[in-house]
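The structures considered in this document are given below.
You will see two complexes here that share subunit A, one where it goes with subunit B and one where it goes with subunit C.
Right after this comes the complex of A and B.
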């Protein structure tokens, strides 16, 4: 029962704060660029408005187009259920094997890709091709990063990994965390991989795929990408500060954990906005360099971890 | 049920294949096609059931047929061969049902009589390979299998098919020659010795000889399994065969090579040691990487699948190699687990790859070409069929919760958990395998989504697809069954592992059945349910929060000018980033010719794009060998000068030389 309630709290907290995360990044970015920017709560209104709007469905599409939003959001919610985001030891934590996490991330990505191809326009195809490239080439970095955590902590679920991963006592995790941050940028289509703010065919990946979606379907997809951003923000923060999570059901622990969620989201959002304001987007055809660097950083982490064990 | 009865059922399924071959051959031109395919489906179907019965009975050996003067030792069924026997007969049964209507469509291209007959002989050969217990019968059935499939590859009598078939014939006979030599050394020349006796002889051989024997067998089985660099025939031969034959060749015949390799390394040879296992791992990883890379950039739907088979066999052989490597490092539990993972992957592969090849037959029939560039839009026209193909493609991509994922989970879980305690050398090998398997997994995802996305989604890229009909029931139902099996194998993975006697990899207890890998447990059913419930919850919530009927159809946003299917992304364009990133390896030749239309403005021009996909193994390995042989034979041809005394002298010299070597 405890585990069930803990997971419930986590789901409500993450699903509730996700649009705020996106709004906050946009606001920080606007401020850094000298604009006033919209309220961080605007995405809630956007999603609510989209849910009410009429949908325009392209005649080129088939049944696949219609299941994409559900699979993408569903797989993202699955991740919220199994990962340690607000609490440790949730009900589904035992399903959080790192290979499953990598697989479910890929599952969401491929359905999004299929949605892009369904539109039968060059935009959709372009976004699909790019996203598919990123999703497939990021895989070695993801597996190597989590393998490092597994070696250091001796655990295989992300939940147990993060409980045992203390970055101060095992410095081999530093490259792993760096790789995790690079993976997070690639998975969430942020700088330097993708520019989330444009609708220009030269730069876009994620936006190009969802171009043909409108109304409630677009709401689902936008919400899914907001949740994914929140998941990765919290993951990166939690691996650095694992003590900020609740692991029992006492009111105090939960309140502290929830408070920390807001603090972590604010800090990560600001860092992301700062990063996106100071670096440029990379050319897509140089993306393999970024992903190769991520992979080699992860690999060096794994090598350090193995060395530190055998020494 | 009585064991003798079930054993005779298995014998019946063997004889059934022979009978169908015979009646098809003597019958009138294709008149009994339907009856023969139904009979073949029945005989293979009961064979599958009997094989399943054996696996469930928990016995270790059934004698199927005893006759000391034909094969030396009796034909027997054991756990390993029974597993492959069930796979073979299941796929063969479905392929026969599929063939009923599929072959009808191409009645004027294929000679139906010989096609059916050869197919039955092909199945008979594979059944025989699995039951053999002596080198003689093994090689006999192996040859029946190879030769019948050689004729099947050129069933449509096109030049390309004949070339592919001849290439296949050469490669398969080089392989068979290696097997023959290997068995010759092991059995001291007496081919009627049983495999148990061979194992005894092998223990007395010096290690160098054993290593040589191992290399011979590795080449023999590796060339059949399509391991790089002996794979070049596979992407030529498999696509040229009719689709149900491609399904049998890719889904099952490759497994025969795997089975042979298992028999040799697990039951005949003593533990093969570290160096030999590293050779297997190297070949496996090389195949997986090259296979998947070409699966990504190929544009012919059946070639994509053929390359994907090379990749899958590469992964399986990597797992097998790791098993032997672990054995040589005294990691016995891991060794056992890796073999379990390889077998589970092989089961998954038999189902999804046969299904995909049969589905490719439907796609090719709809588009009138094998090129993906002419497909698209099939999902709208054949919703159910496309759903089955999506499941098969996602299984092939090893995504959770589908079948191949369970195997990869067991393998990677074990690999990572062994990392920390291992020695430096082992760590290095394991890290290399881990990263390459992850890379291959990512690219396999790309290949499969390209296949499905370009083939089924969006607008049709050709007239033919525009008017494509839904495939007939007899064609689509086998594909649905294979898609269903891919899902069932995923849920029942713990149970499947119990049946093939890998009890340490699973706990089977109703709904609580878990996969076990080095202490970690995973319930595949719960994983599936969790994903489905999450998706269903979104579906239900959306119905509460918004009006479902509030939508209208309209064309895709077109920037103000009409949009045509020519503006869609093609398979070439879709895979272009990967081709670009790996251009050092693939060496594909891209040529864009620009001809200005208006002289004053160079931007208004017509552009012709051509892309040549080259295979570096072919260019750099096989072509030079061919050249050397051609040059040598041109030089030797001078001997042919028409002087009869000279020829007699040559014969004499040859005889003396042979005798000297023999003595």
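Right after this comes the complex of A and C.
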């Protein structure tokens, strides 16, 4: 029962705060660029507005186009259920085997790609091809990063990994965390991989795939990407500060964990906004280098971890 | 060698009118051969090619080629007549690449056939315009309602495994003018790139016919909003050339002032737009556009509008500027240029930004010469041409701006050159603002029959205007925005780059749809 409630609290907290995360990044970016910027609560209104709007769906699409938003949103909600974001030891924590996590991430990406291809527009196909290029490069880095955690902590679920991962006592985790941050940027279509605010049809990756979606479907997809950003923000923060999570159902522990969620979101959003304001987006053909570096950093972590075990 | 000597060399007689040498009208067979000789033997750039309808005078159609003799600051105009019954001549494009769009334009607008033109497709007329519609012929009324036709307007296709065609526009995601681009790509690499413009033809040239000199001003200033002062200046210079008006010195200086202010405004915009919007280095855009706004507000304060309009008038300038206004201009401009230099240095030292800009959108000198590229993109590719020095107008002969030329020809060179030119412009602005502010600012313009030419180095490049006046009103007014010559460069700049870098190439030229789409 306790585990069930813990998971329930985590789901409500993450799903509730997600649009705020996106809005906060936008606001920080605006402030850093000398603009006033919209309220960080704007994405809630955007999603509500989209839900009320009529949908325009191309005649050339099949049923796949219609299930994509649900699969993408479903896969992100699954991640919210199993990952240690607000609490440790949730109901479904045992499902969070790192191979499953990598698989669910890939599932979301593949369906998004299919949604992009469905409408047979030039941009959807272009975005889809770019996304698959990135996905195939991200995948090995994800596996290697979590493998490092697995070796260090001897656990295979993310939940157990993060409980046992103390970055100060196991230096092998430092490269793994660095790789995790790079993966998080690529997975969430942020700088330097993709520009989330782009209006340029020709440069976009994620936006190109969702270009043909409108109304409630678009709301689902936007919500899914907001949740994903929140998941990765919290993951990166949690691996650095695992003590900020609640592991029992006492009111104090929960309140502290929830308070920390807001603090973590604010700090991560600000760092992301800062990063996106001080660098230019990379040339698309440099992505390979970026993600290869992520992979090799993760690999070096794994090597350190294996060496420290055998010694 | 000056213009007269060149004409003698090719056994042509001609009259010299100031800095324009008008060759006697020649036979159409000779026309093409002669133009080819001027380009090949004397390396004269073809500056303009246009047609006229002279059927009312019994001459059929006229075709005219204007060559620039940069060294002696002169122009050479070669003309030929084509009979109404058979308006054909041998295409110049076969050997003079720079004529390619001009000849297609004349085919659409006048029905003059350039035989052997390598690209016989329509240019201005889209599918919906019926065959044999030639709007610039005198017997075509400006308010003609056309039938809706469905003529072919094919785009280039490439066949092959993995070749993918991306149509972009004419409606874009940003708030820009309409233009359609067709990419043929293999993966992300661009193989060919072609544009289809002329979506919002305004009929400016037709509307100008029959207007008086002053009635035409708003139309000229509206050709391209970001170049209002430059177009107006080119036009009034053409009129003054025709009327032999002596513009007072202070008016000339003030014209230089407004032209340079426009240059600073738009260079600010472009530096911000390329680095900021093109690469996603948002801080450049945020600050650049804020700084540009200062210039636009300066225009609002001094001239009553945000786009440097209404100041240049035939005979001089529209109003005297007070001492306070001049010091406001000098102070604001200095502030703007200083801030932009800081921003430029910030960008220059950003590895990420330079990585995006360098080697992107390469325009080689050879291509730039062949296509007759103009203005800043040409100078960034090593072509040392600038109307301010080669055909001095306004007060440039005395002020002698230093012309900067870069050789790399990539997006970075074009970005950098804007920052460099801005500093030079500031010097000119400060000189004019600090000079003695007295004397008349306009002279009377006595309109005669005849033709005149005006050339201006706008921020975008050489802007030309040729005016023919008959019975006190405009008979034909050719307005040539530099964009008209530079649009075709995309076909050369784009291929080899990857699709996500195209917006950067596009922004580095910043061409006007409206200025091309008269």
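Going forward, the second predicted complex is superposed on the first by the 310 of 311 C-alpha atoms of A that agree within 3 Å, B and C clash if a C-alpha of one lies under 4 Å from a C-alpha of the other, contacts with A are read in each partner's own complex, and residues count from 1 in each chain.
By our rule, a residue touches a chain if its C-beta (ideal position, glycine included) is under 8 Å from a C-beta of that chain, and two chains touch if they have at least 3 such contacts.
As the structure is a computational prediction, the values presented were derived from the model and not from experiment.
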Next on the checklist: Output check: A:126 vs subunit B and subunit C. Expected answer is one of first, second, both, neither. What do you get?
Outcome noted: both
Next on the checklist: Let me test your reading of the model: by the given contact rule, A:178 touches which partner, first (subunit B), second (subunit C), both or neither?
Outcome noted: neither
Checklist entry - If you stack the two complexes on chain A, which partner ends up touching A:200: first (subunit B), second (subunit C), both, or neither? => result second
Next on the checklist: Quick one: is A:280 in contact with subunit B, with subunit C, with both, or with neither? Answer first, second, both or neither.
Outcome noted: second
Checklist entry - Given the touch rule stated above, what does A:249 touch, subunit B (first), subunit C (second), both, or neither? => result neither
Checklist entry - When the two structures are overlaid on chain A, which partner does A:97 contact: first (subunit B), second (subunit C), both, or neither? => result first
Next on the checklist: After the superposition on A, what does A:302 contact: first (subunit B), second (subunit C), both or neither?
Outcome noted: first
Next on the checklist: Shared contact residues on subunit A, subunit B side and subunit C side combined as an intersection?
Outcome noted: 122, 125-126, 129-130, 284-285
Checklist entry - Along subunit A, where are the residues that touch subunit B in the complex? => result 51-64, 69-71, 73-75, 77-78, 81-82, 92, 94-95, 97, 99-100, 103-104, 106-107, 110, 113-114, 117-122, 124-126, 128-130, 132-133, 135-140, 142-144, 147, 150-151, 154, 156-157, 211-212, 215-216, 219-220, 284-285, 287-288, 295, 299, 302-303, 306, 309-310
Checklist entry - Can you list the residues on subunit C that touch subunit A in the complex? => result 164-168, 172-174, 187-188, 275, 277, 279-283, 285-287, 290, 350, 352-353, 355-356, 498-503
Checklist entry - In their complex, what parts of subunit A are in touch with subunit C? => result 29, 32-35, 122-123, 125-126, 129-130, 191-192, 195, 197-203, 276-286
Checklist entry - Where on subunit B does subunit A make contact in their complex? => result 376-377, 379-380, 383, 386-387, 390, 394, 397-400, 405, 408-409, 412-413, 416-417, 419-420, 424, 427, 431, 434-435, 438-439, 441-443, 445-446, 449-450, 452-454, 456-459, 520-522, 526-527, 530-531, 534-539, 542, 545-547, 550-558, 563, 565, 567-569, 573-578, 580-581
